[in-house]
Structure formats: structure tokens, C-alpha cells
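Order as written gives the chain letters A, B, C, D, E and F; numbering starts at 1 within each chain.
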Amino acid sequence: MKKLVLTGAAGRLGSYLREPLSKLCETFVSTDRVDDLGKLYPNESYVQADLTDLAAMEGILEDADMVVHFGAIGDEAPWDDILQSNIIGAYNVWEAAYRNGVKRVVYASSVHAVGMHLKTDTIGLDAPHRPDTYYGLAKCFCEDLASLYWDKRGVEAVCLRIFSCAQATNARSIGTWLSYDDLIHLVERSIDSPVVGFTTVWGISNNDRAVVDNSKAGHLGYRPKDNAEVFAKQVFADTPPLDNKDLANLCIGGPFATVELGNSGVASLGVVDDRKKI
Amino acid sequence: MKKLVLTGAAGRLGSYLREPLSKLCETFVSTDRVDDLGKLYPNESYVQADLTDLAAMEGILEDADMVVHFGAIGDEAPWDDILQSNIIGAYNVWEAAYRNGVKRVVYASSVHAVGMHLKTDTIGLDAPHRPDTYYGLAKCFCEDLASLYWDKRGVEAVCLRIFSCAQATNARSIGTWLSYDDLIHLVERSIDSPVVGFTTVWGISNNDRAVVDNSKAGHLGYRPKDNAEVFAKQVFADTPPLDNKDLANLCIGGPFATVELGNSGVASLGVVDDRKKI
Amino acid sequence: MKKLVLTGAAGRLGSYLREPLSKLCETFVSTDRVDDLGKLYPNESYVQADLTDLAAMEGILEDADMVVHFGAIGDEAPWDDILQSNIIGAYNVWEAAYRNGVKRVVYASSVHAVGMHLKTDTIGLDAPHRPDTYYGLAKCFCEDLASLYWDKRGVEAVCLRIFSCAQATNARSIGTWLSYDDLIHLVERSIDSPVVGFTTVWGISNNDRAVVDNSKAGHLGYRPKDNAEVFAKQVFADTPPLDNKDLANLCIGGPFATVELGNSGVASLGVVDDRKKI
Amino acid sequence: MKKLVLTGAAGRLGSYLREPLSKLCETFVSTDRVDDLGKLYPNESYVQADLTDLAAMEGILEDADMVVHFGAIGDEAPWDDILQSNIIGAYNVWEAAYRNGVKRVVYASSVHAVGMHLKTDTIGLDAPHRPDTYYGLAKCFCEDLASLYWDKRGVEAVCLRIFSCAQATNARSIGTWLSYDDLIHLVERSIDSPVVGFTTVWGISNNDRAVVDNSKAGHLGYRPKDNAEVFAKQVFADTPPLDNKDLANLCIGGPFATVELGNSGVASLGVVDDRKKI
Amino acid sequence: MKKLVLTGAAGRLGSYLREPLSKLCETFVSTDRVDDLGKLYPNESYVQADLTDLAAMEGILEDADMVVHFGAIGDEAPWDDILQSNIIGAYNVWEAAYRNGVKRVVYASSVHAVGMHLKTDTIGLDAPHRPDTYYGLAKCFCEDLASLYWDKRGVEAVCLRIFSCAQATNARSIGTWLSYDDLIHLVERSIDSPVVGFTTVWGISNNDRAVVDNSKAGHLGYRPKDNAEVFAKQVFADTPPLDNKDLANLCIGGPFATVELGNSGVASLGVVDDRKKI
Amino acid sequence: MKKLVLTGAAGRLGSYLREPLSKLCETFVSTDRVDDLGKLYPNESYVQADLTDLAAMEGILEDADMVVHFGAIGDEAPWDDILQSNIIGAYNVWEAAYRNGVKRVVYASSVHAVGMHLKTDTIGLDAPHRPDTYYGLAKCFCEDLASLYWDKRGVEAVCLRIFSCAQATNARSIGTWLSYDDLIHLVERSIDSPVVGFTTVWGISNNDRAVVDNSKAGHLGYRPKDNAEVFAKQVFADTPPLDNKDLANLCIGGPFATVELGNSGVASLGVVDDRKKI
């Protein structure tokens, strides 16, 4: 591969991806909103840009083979913020990719696109969208956008429904952990697969208690190696009994299943959501 | 019902709904972007407003019981236009509904949310999103938005996946027609059903050749009465043989399955979509 | 058919069945716990017996071709009562049928075997058991008993999952009504079908808003003719808005979805079920 | 349509189709193995030919728009006979259609392609092949042949899985009857549908007790009008009790589920099939 | 966990569980019908009680966090015995658990709840109940009871569908073996999972030839380690050819698929079940 | 096992099977069309015969316990050739097996029976037939033949849907490879399984990127050990970018999805298949 682009390069997950991605291509271009990314890898260059600037995206993706799109707000946020970064920003990336003939978008989708499903259902990749937040709603949008650009314009996409890519320090993460190594492995497979069309895949490690079923993405070759079970004993010892009527404990979206929607301040006025408890 | 609001009241379908909806409530409020709606029905009032104005929507929905949301661009359009009217506008309606304690949104979704499915698959309501245009993509977004507001905030929604609500004058419409009477019946059932939660339903008449299966929406009680078969003989006589390799003839989205995406003029430069033919 | 037996002949539904069933056979035997059934139909005889008495059941079913088993407590009740009448009583009927070489049991099962499913799911006959009460639990038991006796001993069974077989006077019943005529038609088809093996079927009229899908029982030929929609306008006018967070309004079991389990008086001590509201 | 060809024109079902098919086209060509078809319809011509003669088939299909392929042995027969007429003959028709650019084959498939399924399963069109005879096996072959020619060569096909197209005079036929009028209607819809790709459909009337579910062929617009229930009372009165352990009574293939396979005389030696009874 | 209760502690499987369970809690209470359990583990106490005694059960479960319910007749038996121990006894355990606020029941269900399914179907956890014996019927009942107590009263349950938990000495067990270590692991996971709601899981080792699919119970984290394949060569060498028309060899319930139902002596009179052979 | 027969013993895959199969039985009979098989294994005998000769097949299978049927044309070929070897030849094997009371046929089916399915669908064993060639069409026929002989005559069958059993030297094979060792393991399990009824199974190694899901064949105990991922890096380095609109790269049948059908020379005249590109 000649040129690969990473958006969100300054973000938490983007930072982990820079080095491994830089090794997969001749020219590696990082982009984000920050002024400076610090020390760069040998074949890496950094371009400061905002996802909401289509022209800038179009320039950055010139001659690119693929783009790994991790740039977005990485948490629940007010609608207007999600709209700008996570919806309009994503459109710009796909449209810029199309205009430049980029072959594929590898996209950081999220479990929160389907976070309201029950963990006891152990859903597969064919479960319908069921977002738990504006954040998750934007992920749904991007998966559908990806589907559209594949069907109508032949831009391929792998949508990684990332679970808990951080230290496994709470009870939920024993089931939902995605180790950094497995994340890197997943992104690499999403890049080196010869043909992917439109593919979604759960971004979750090989946890004993994994709450979803990845069998419909077998062709992608994602074989995670880490397992949060090594943390289970300690984490459970530190965890008080969980309320089994709390949707945060029942749904695969975890606490996002009960988080207040981040609209313009209304939640802070104390509008309580009765649906938090079933 | 005391107060019912209709958005898109000046639109083609909205115009058909004004009279029947006005009879279902004490106070009927129509809204759209046009200056004047002409003669109003006895209990109807008209408020000029733009869907992109959240404060205006919040005002209009004050004390409303339900809102019938048909306001949007009704065809494929450039992304920026779809974004404003069909995405941001819809968010504003749901958010305004929530802030006002409105019980339910009856929403004009569309077949184009799933338009790339093959008609020979006769899909049900559990088929995944597969939009055929930006227009369809916005419908996908709104269905997911509706799901979110039901799961998190208890705002009910019926998403009507409207097919061909117009004269049945071409071969596709013999399968996809939705008569105006059946549209009205469908909206009425969406309003008078005591509890709907989050429901999607195909907006299609009782055509012999209906291309979808509505059995998963049985609880809604939609029983269409019209049947495009009465037009079939004449329409088929007027139709030259259809190319059975053209996605426009194979997909339930019809011509939208091959329409150029309406982005900023690129399509007009002659970028041909290889995928139009399978 | 020479001999047909009806249990629960003095019950509300049994009373409606006596006349039509008496016309389907040469010898019609009614049985129940009451002393006297009143005036009998020409070929009808009445035998007082308790379902919990296996020997009595065995005697009554001697030389019978089929038994229509409607005898049981017809409402939620304390566990010990359900156990006697609805579980042990049913065992006795099937065992007596087997010992006498009876070909088929037509059984009054109930929606309450699956009452905790959401009405917006419009489930089919393949949905798993999900009882809402001890009453429903006993129906689950009997369906499994019927399956066992068919698989192991060749006793056929039709399990009628009866919905609201009474006047349609509340909002739920507009979707769940089973008219008496349709009940009779359903039982007749369950009897005259040449071979049924083990069949379950929804006992519901042809309501516009029927909340379940009977397509998997097509072979039985049940074609209901009545439609609760004729009552809808009046019933809805008399109904205050329903709480859409109340499981009684969301689940197909209706109020049974929130009824206290009828165990030995504990419920009356005020043990509140947090799960009544989602 | 200019030219339409019917194979098996002298057969029982073919005879019923000649008149209605002749009205759908300018030139109607009948073909079969017999010397003479008798009196012809105005625009009908008859060509004597054997299905096993590819060159003859290629000649007959010259300039044809569609072919209605009903020519084959219409009952279970020894393998060698089935091989010639029903397998090789069908290949010749499809290959001749392809070479001549014929748009579509409307094919007389049969329930016997899936005859070993239980009638109590009320299968849909997605049930796997499960033939009950060599006759049914050849139907499976042809459906797969049709799939291949559509996928690889764009020849469309409608495979009609015909049930009991004859007088409804036995108990099974109350569920499986296909009236001649409904057969004609089905063939007409298979012809006038603008695009069908590869479609299978159950050829069964609107019987109350229809043993299969046609909902996956909705796009074809087949709406049968006849109902074998009108014969039920008399037929059941004339029918002795059926053995519910006999596969002939349990499977949708009926007596074919237990018929001896028609191979070279072995069956007549008394090789008993243990599987006839479950 | 403070207090854990094990029923059936003197039983074959219960005996294997005492030591590992005693290590998971501060207070471990064993109960069974026998007079004496022999030497106890350090924190273990034994209470003699009969499952049919609700008051006794209620006393034993006082202040318990969870109960592991393995007490029952462990084989096919006459109905009256199954009724007492396996149905009424189970009700008593769940009811006592509820009254005491016990969080969870871990229940020894069995493959025999679904034993009539074919092993070549490799069913998942969503297959319907299909019991093979009264023993299996009682397991069906308890699973439905567990579903009810979770839905209505918030008592969690894990239903372990235990296969062949014994030496793997016959051909069937090469596919159905559950090693004692895997049983212990399964029970431990059923206990330490923070939230389980109502979960069923196959209790089967990691056999090469495992006849069921556990993917719908992924969230539980059961990862068996033993594999009966190590015994296969020897066992198969010792096994004469199996009759592939015998349901005992075709169904996952094994010999229970053909065992006589254990009712009051009738079976011993030689009433032969025709269905043993398909 | 006393006597085992292998057809196609001189073929590429047959050659690999001779030695391991010879060790599973007392008498091992190889057959093929060639004059001489070269050096034989100790208990092996060779019989020259043509599959199209039923009498010869009947003689070879006399007293055989099982037959491993790998004899056929192993590539796409003209219809007439496929018809003789792959259809008539297979019929002869099954019929000869039946006449001799042979317990089981282990059959070399192929991915090409379903080759037109998309690899991104990761289909299971329940996907419908969708052949990609005459070669694949014959595999479909044989699977249905196997189903028929099991249902009607009790001849068991395992249909191995073999993928790429050769060196993994191209990009597709990284997902579709079947190593020779895994092939041998698969055939051995197909033989030593006590009861298989009618079973299909994917013949594919444990590739990271395996394009199908074998979970429905769990009972067979096939646990492949090889993984084409070891070749991936080198193969991908040697592979130019693949056209993601080419069905050969999208379908699991690979190049067969676009190969010309091998009929009587027409393809060589330049009849181009429009469907090669989607």
C-alpha cells in the first residue's frame, strides 16, 4: 500500500494505531484537530485539519489507498457536537474518499450503535440498530452511510463495533474488553483483507464472557488473542453486587444505556428517565 | 385528543392528511415553511416555521399530544440540503416532542431506507437498513433516532416506510403503490393505537404484487384496501420490456437504486456508477 | 366420530362448546366438577368427576375418539390450586387418553404461556415459552406434556392458545379478542383435521390489530371471521390514555403481566414487584 | 409478447394452459411428443418434438420471448426415464432458451421437491430441498438449474411448486388442492411480472388448510381464489381415519413420501422400506 | 458471598460440587433427604430436609445469597415421583428463594428437556422444548418456572442443561460427555457472573463431537476444557454398529428417547411404543 | 469395518485418501477408470470400472460397509461430460450402495454447490443451493440424491463441501484452503461417526479467514488443525489489488462464479456474461 491515512490520530485509540499503521504503507498521513502530534514515525506526516472541513479532507485523502477513520468525539456529548464531528465529519470522510477513488474506509463504530440490546441475548451482527446515546446514534448513521457508499459508489468499509478498549477495571469490561493488541490486529485485518465490501465486526477480545457473537464476520479473519478473564477475580472481588434491574447492568451498552442524552442542558434540570430500571 | 400537530402540511402528502387529521383532535396545528397554507379546516391553525429552528418547533409542540412529522425534502437532494431538513429537522422535532412531553411521533419514513434490497427477497420489517440515496440515509437516521427516544425517553414512534404514494402509472408502482386512502388509514391507525412503543410498518397498499411483508406490524392494525392491480393491465401494456439486469428494476427502491447521489455536483461530471447493473 | 368427551363442560367456555361439539359425534360426554349441568343436548351425557381423579378420567375416556380438554381453573390462582387442577388434572387427562387409545387431545392452552412477550414483537408460534403467571406456567407445562405424549406415545394434540374470549370491552381486547363463534370454529377444525401431530395455534379472531402471527399453523385451516375492530371506536372513546411504561399495556399477556403471583398469601403482604414498569 | 412456447402441451396440465396462454401472445407454439394435438387455437401451432433433442428445442425456441416448460413425466417413474425426460429434457430447454436469448422459463416444479417435510411445519419457500421420489429429485435439479442460468446467464425463471392440480377427492387434497383456474392465474402472473429473476412459488389454491406459506413470493402477485374447503365435508365423510404414523399422512408429499423409488424393478422384489412409518 | 445453599448434596453430582462450592462462600449449607452426609468441609453445615417441604426450604434459604438446586430424582421415574420431587420440589425452592430475597437459582436442568431433537440438527439454545420423558418434562417445567420468577419477581436463574456427566463409556457419550471438572467450572461461572437474568446453557464438555451449539450463552463465560475424544477410539472399538433407525441413536436424549414413560405400571404390561423406530 | 470402497482412487484427492482409508478397514477396494493404480497398500485391491456402469458398481460394493465416493470430473466441464460422470455416475453409486445394504456414502461435494453466495455473508450450512457451474449443479443434485436415499431407503450420507484442497497460493485460498491433513481428518470422522443420517459439512481448514460457518455440523466432530494464515503474508505480497466488483472476488465460489458454463462450445464463441460484474 502506498498511502494510508488515519483520522483522529491524536485521540486515545488513534495514538495506539499510529505506529502499527505506519508499518503497513509507504506514506502514512496522520490528521487531527490538534496543533502538533509530537514526534512522528519515520514515514509519517501530520496534517492539522478539522473533520468538518470537506475540502481539507479531500486534500488529505488525495492518492490515498485507504483511510482509517477514528476521528470523532469519543464519548456521549450534546447533540450539536455529535452532529458536527461524528455525523458531518464522517460524511466528509466518505465523500472525500469517494472523490479520490479511495478503496476502503476502516471505521471506528461502536457497541453503542446497538447498546440497548440485552447482554443475555448474545446478539450477532444481524441484530438491528438500537442506539443508547447520541454517540451511538451517530455510529448507526455512519454504518448506514458506509452501506450506501458501498452499494452506490463501490467504496468498501469495515465498521468496527468497538467495545471497552481501555483497562479492564470494572465488572462489565470482563465481558466487553478489547485489548490494544487485539484492536491493532483487528485494524490490520480490516486493511489486509483483499475484498471486504461492507462488513461490520465486533471489536472485542477473546474474553470468556464475550457478550456478542462474531461468527458472521468470519471472512475478515479477526482472531483476538487476549482475554479479560485474567482480570476477573480481582475485579469481581472489588465490585459490590450489581443491581440486576438496572439497564446499565443488563444492556451491552453498559452505563450508556442509562446515561442522560446530552442535549442542550435539559438533562441537568433533573429530567429523570423512568426507563433506567426495568 | 386535544392537540395534534402536522409538519410538512404544505407538502404533497401533508396536504392529503390535513382534513382527516383535523377530525381526530380538538386543536389541529399545521406547520410548514410556506407563507400561507390557503383555506384552513375549522379547527386548524397554521404556523409558518422552519424545521431547522428548534425553538420554533418547541413552541409549536407545546401541549401537543402527538405530532405527525411529514416535513422534509421529499426526494433525493444534495447532502447539505438533506442534512438540514431531513436530519437536523427531524432531530428538532423529536427533541421538541420530548421537551413538551408529547406522547408519540408518527413519522414519514420511506422504502428508501432499505431500497437496495432485492424485490425478489420480499423482505419483512426485520431486514437491515440498506439505503439507496442520501434521502434514504436520512430515513435510516430518523428510524434510529426514534428508537433512541423510545428506549431512553419514552417518546413513542411509528415509522411509516412509505412506498409509491402517487398515481400508479409505471410498472414498479403496480407492486409499490400506496393509495391516498390507505395512507390516511395508516396514519389514523398510527394515532389511535393505544400503545405502539417503537414500531416500523410498510406504507404500501393491498397490492397483489406487494414487494414486502408487513406481518411483524400486525399489532398496528393497518389493513389497506386498495390494490394497484386494477391499473396493471394498462400500465404493463404501456411499458416496454424492463432490463432485468438494471438495479432500478431489481431493487425495491426502484430508480433510487441507481440515482446519482446528490452531492455537490460531482455526479454531473459524469462519474458513472458501475454498480447500476448487476 | 363415535364418542367425544369435553372436560370443563360447566365452565364459561365449555358451556359454549357443548352444543356444537354434540353435533360432531354420536355420543357426547360432558364432565366437570359440578353436580348438575342442567338440560342436556340430545346425545349428551354428563359425568361428574374431578380432574385430579385419574381413575375417573380413565373411565370417562373409555372408547372415546377424542377429548376436548377445557377443564381447569380459568384464572390466576394460588400455586397449590393451579398444581391440582391445571397440572395434575391435565396429566390425568393425557394419561387416561393414552391408556384408552384416544386419538387426540384438543387443549385449552392460553396466551399466558407466552404472556411476557411484547405485543410490538408480533410473535409467531415459534416464540419460546414466557409465562406471566402460575396459570400461564401450567399452560406451558401442558404444551410440553402434549409434545411428550405425541413424540413418545402417538397421542395427538392441538394446543389452542386462547386470547380474550369474552366481550371486547377494553382497549387490549381490540387486538386480542376471540369471538365465541371463532372459538367454536377453531375447536371444530382441531377435531376434523385428519392428522395434526402436535400443533399449537393462536386462538384469536381476525382482528385488524391481532398481536400474533398464526402462519405456522396454516395446515389446521383456522380462518377466523370476526373482527374486534367493530368495537374499537367506542372502546377507545371510553379508555383513558394508557401508560406505555406499564407492562400490562406492553405485553401480550395484558394485566397478567403485572398480576401478583398467587402464592400463599405473600403478595398480600405488600411485596411489590419492581418489574411492573419498564 | 410476440412468441410464447409451451412444452408438454399434450399433458394433463398443459392441455389446460393452451387456451389461456394463446391469448397472451401473437404466436403461440405448442410442443410435445404426440403426433397430433387435435384442434389448435387460432394463433397456435404445434411442433412434435422430444425434449431430449436439444437441436429440436433450440429450433422451437427461436425468437421466443418466454417458454412455459411443463413437458416431463408427470409421476414417479424409473430413474432412467426420469433422467431422460425430466433432467436431460429440462437442461435442453434451459440451454435452448439461453442460446435464443429467451427472457424467461416458467417451470412446472412440484411439491415433491420438498415432499419429505412435515405438514405440521407449514414451511415457507426457504425450506431446504427434501425430495420424496426420483420425480421430486428431478424437480430439485431443475430449480438449481434455473438458479444457475439466472445467476450466470441472466435467464429468468419462475419455479411453480405445484401441489394437487386435479379434483379434490381425498383428505390430503383439502389442504393441497390447486384448482385449474388458480393454476392459470399463477402461470399468467409468472409471465406478466416485469422482472422475476429466480423465483419459486407454491402452486396451491387459497385453501383454508393450505400446508405451506407463500409470503416470500409476494412480489409475484399470485392471489389464488379457489378453496378446497368446499369439498371438505364430503371428502372427510368418505375418508376412514388416517394413520397418523404413516409418513404419507404426515408429509406434504403425501403418498409420494412412502412410494417405492422407481428404479429398475428392485422395489417389486419386496424390498420393504422401514422408514414409511415413524 | 456470605451464604450459599446446595440442594441434592448427597446426590451423585451434588457430591462433586460440595468442595468447590464451599470455597466460594463464607457459609455453605448442604441439604438432602439422607440422614447424614458424612464428613463435612470446614465451612459446611448439613440440614436434612425434603424438597417437598416448603417451610423447611424457606428456613434453609434464610439469608442465602444463592442456591444451587441439584436436588431431584436423577432419572426417569413414575409420574407421581417426578411430580413430588422434581416439580413440587422445584417450586418450593424458587418460592423459598423469592421469599428470602435470594438473588439467584443455579439449576440442574437437563438435555432431556429437549431430548427428542435430532442430533444431526445441532440445535442451539433457542430450540423449543421437546422432552423425552417425565424426567425431561419436569426440566421443561422448571425452566419455565425460572423464566416466570425472573420476569415477575426478579429472581435470577441459570438453567444448566446437563448432558452425560459420568464416565464416557458408550458411543453417545463421545458427543455428550460433561466432565466433572467442566461441571464445576460451569457452576462456578453461573455463580460468579455479575448479572445473568434468565439464562440457559448446555452443560457439555468441549467434545469434538458436541451435539449442540452454546453460542447464545456466550455472556456466561463457560469455556469447557475436557474432550471426550480421548475415549473415542476405545469406545468405538467396543461398540457394535448402531441402528440408525433407532431414535435412541438419532435423538440427543439418547436412550431416553425410547424409554418407556414411567407411569403407574402400564409400561410393564408390554404396551409397545411404535415410535421408537422412525 | 470389514470392507471400504473408494471411488476416484486415481484422482488427485483420492490419491491422498488411499493410505489413510486402507488403515480403517480389513478390505480396502479402490476403483477408478485408469488401467492401473500402481503400487497398492497391503490390504488394498484395485478394480477398474466406470461410474457410468451400474452393474460394475453393484459388483464392487458387494458386502461393503461404506463407500467414499470421490469419483467424478473434478472441474467445470461441458454439460454432457458432467451428466455422465457426476450425475449418472453418482446415481449408480447410491443405487449400488442401496442394493448392497451399504450403510453410508461419504461424498465429495463442493463449495460450488453454493458458490454464488457472497463471502461477506459467511453463510452456514442452511444456506440454499446456489451453484456456480455445471460442476456445482451436479453437486447440488448429489446432495439431494443423498437426502432422498436417506429419507426413503436409510442409506446414510455425509456430503463434504470441499473448498480449495490444494496449495494455498492465491488470495482466495487464504480463506478457503483445505489442507490434505484436514481432508483426511474430515473423511475419517465421516466414517467413524456412529450415526450421521444425512449430513452436510464444509470441507475447509481452520483458516483465520474461513468464509463459512460449520456450527450446524458440530455432531460430526470435524476439528480442522491447519490454517492458511501462515501463507497469507507471502501470498498477499504477490497479489495485485483485487477488483471488488468482480464476482470472482466476491463470491465463495471464486473464479467459478464467473467461469463460462461448459456447454457445447457456445462460450468459446464469445458470448459474454454481463453478470460477471456487479
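Here, contacts are C-beta pairs under 8 Å (C-beta built on N, C-alpha and C of every residue); 3 or more make two chains touch, one makes a residue touch a chain.
It should be emphasised that the depicted structure is a prediction, and the values quoted were computed from it without experimental measurement.
*Asks:* More C-beta contacts across B-D or across A-B?
*Replies:* Taking the two pairs in turn, the one with more contacts turns out to be A-B.
*Asks:* Which one, D-F, C-D or A-B, has the same contacts as A-E for more than half of its contact pairs?
*Replies:* Repeated interface of A-E: C-D.
*Asks:* Taking each chain's centre as its mean C-alpha position, how far apart are chain C and chain F in Å?
*Replies:* Each chain's C-alpha centroid was found; their separation is 51 Å.
*Asks:* How many angstrom lie between the CA centroids of chain D and chain E, rounded to a whole number?
*Replies:* Once rounded, the distance between the two centres reads 50 Å.
*Asks:* Could you please state the distance in Å, as a whole number, between where the Cα atoms of chain C are centred and where those of chain E are centred?
*Replies:* The computed centroid separation for chain C versus chain E comes out at 30 Å.
*Asks:* Of all residues in chain B, which are in touch with two or more distinct other chains?
*Replies:* 154, 215, 245, 274-275
*Asks:* What part of chain A is in contact with chain F in the complex they form?
*Replies:* 103, 154, 156, 189, 192-199, 215-223
*Asks:* What part of chain E is in contact with chain C in the complex they form?
*Replies:* 79, 83, 87-88, 91, 95, 99, 116, 126, 128-134, 136-137, 140-141, 143-145, 147-148, 151-154, 261, 263, 266, 273-275
*Asks:* Which residues of chain D touch chain C in their complex?
*Replies:* Where chain D meets chain C, its residues are 118-122, 171-172, 174-175, 207-213, 215, 229, 232, 236, 239, 241-242, 244-245, 249-250.
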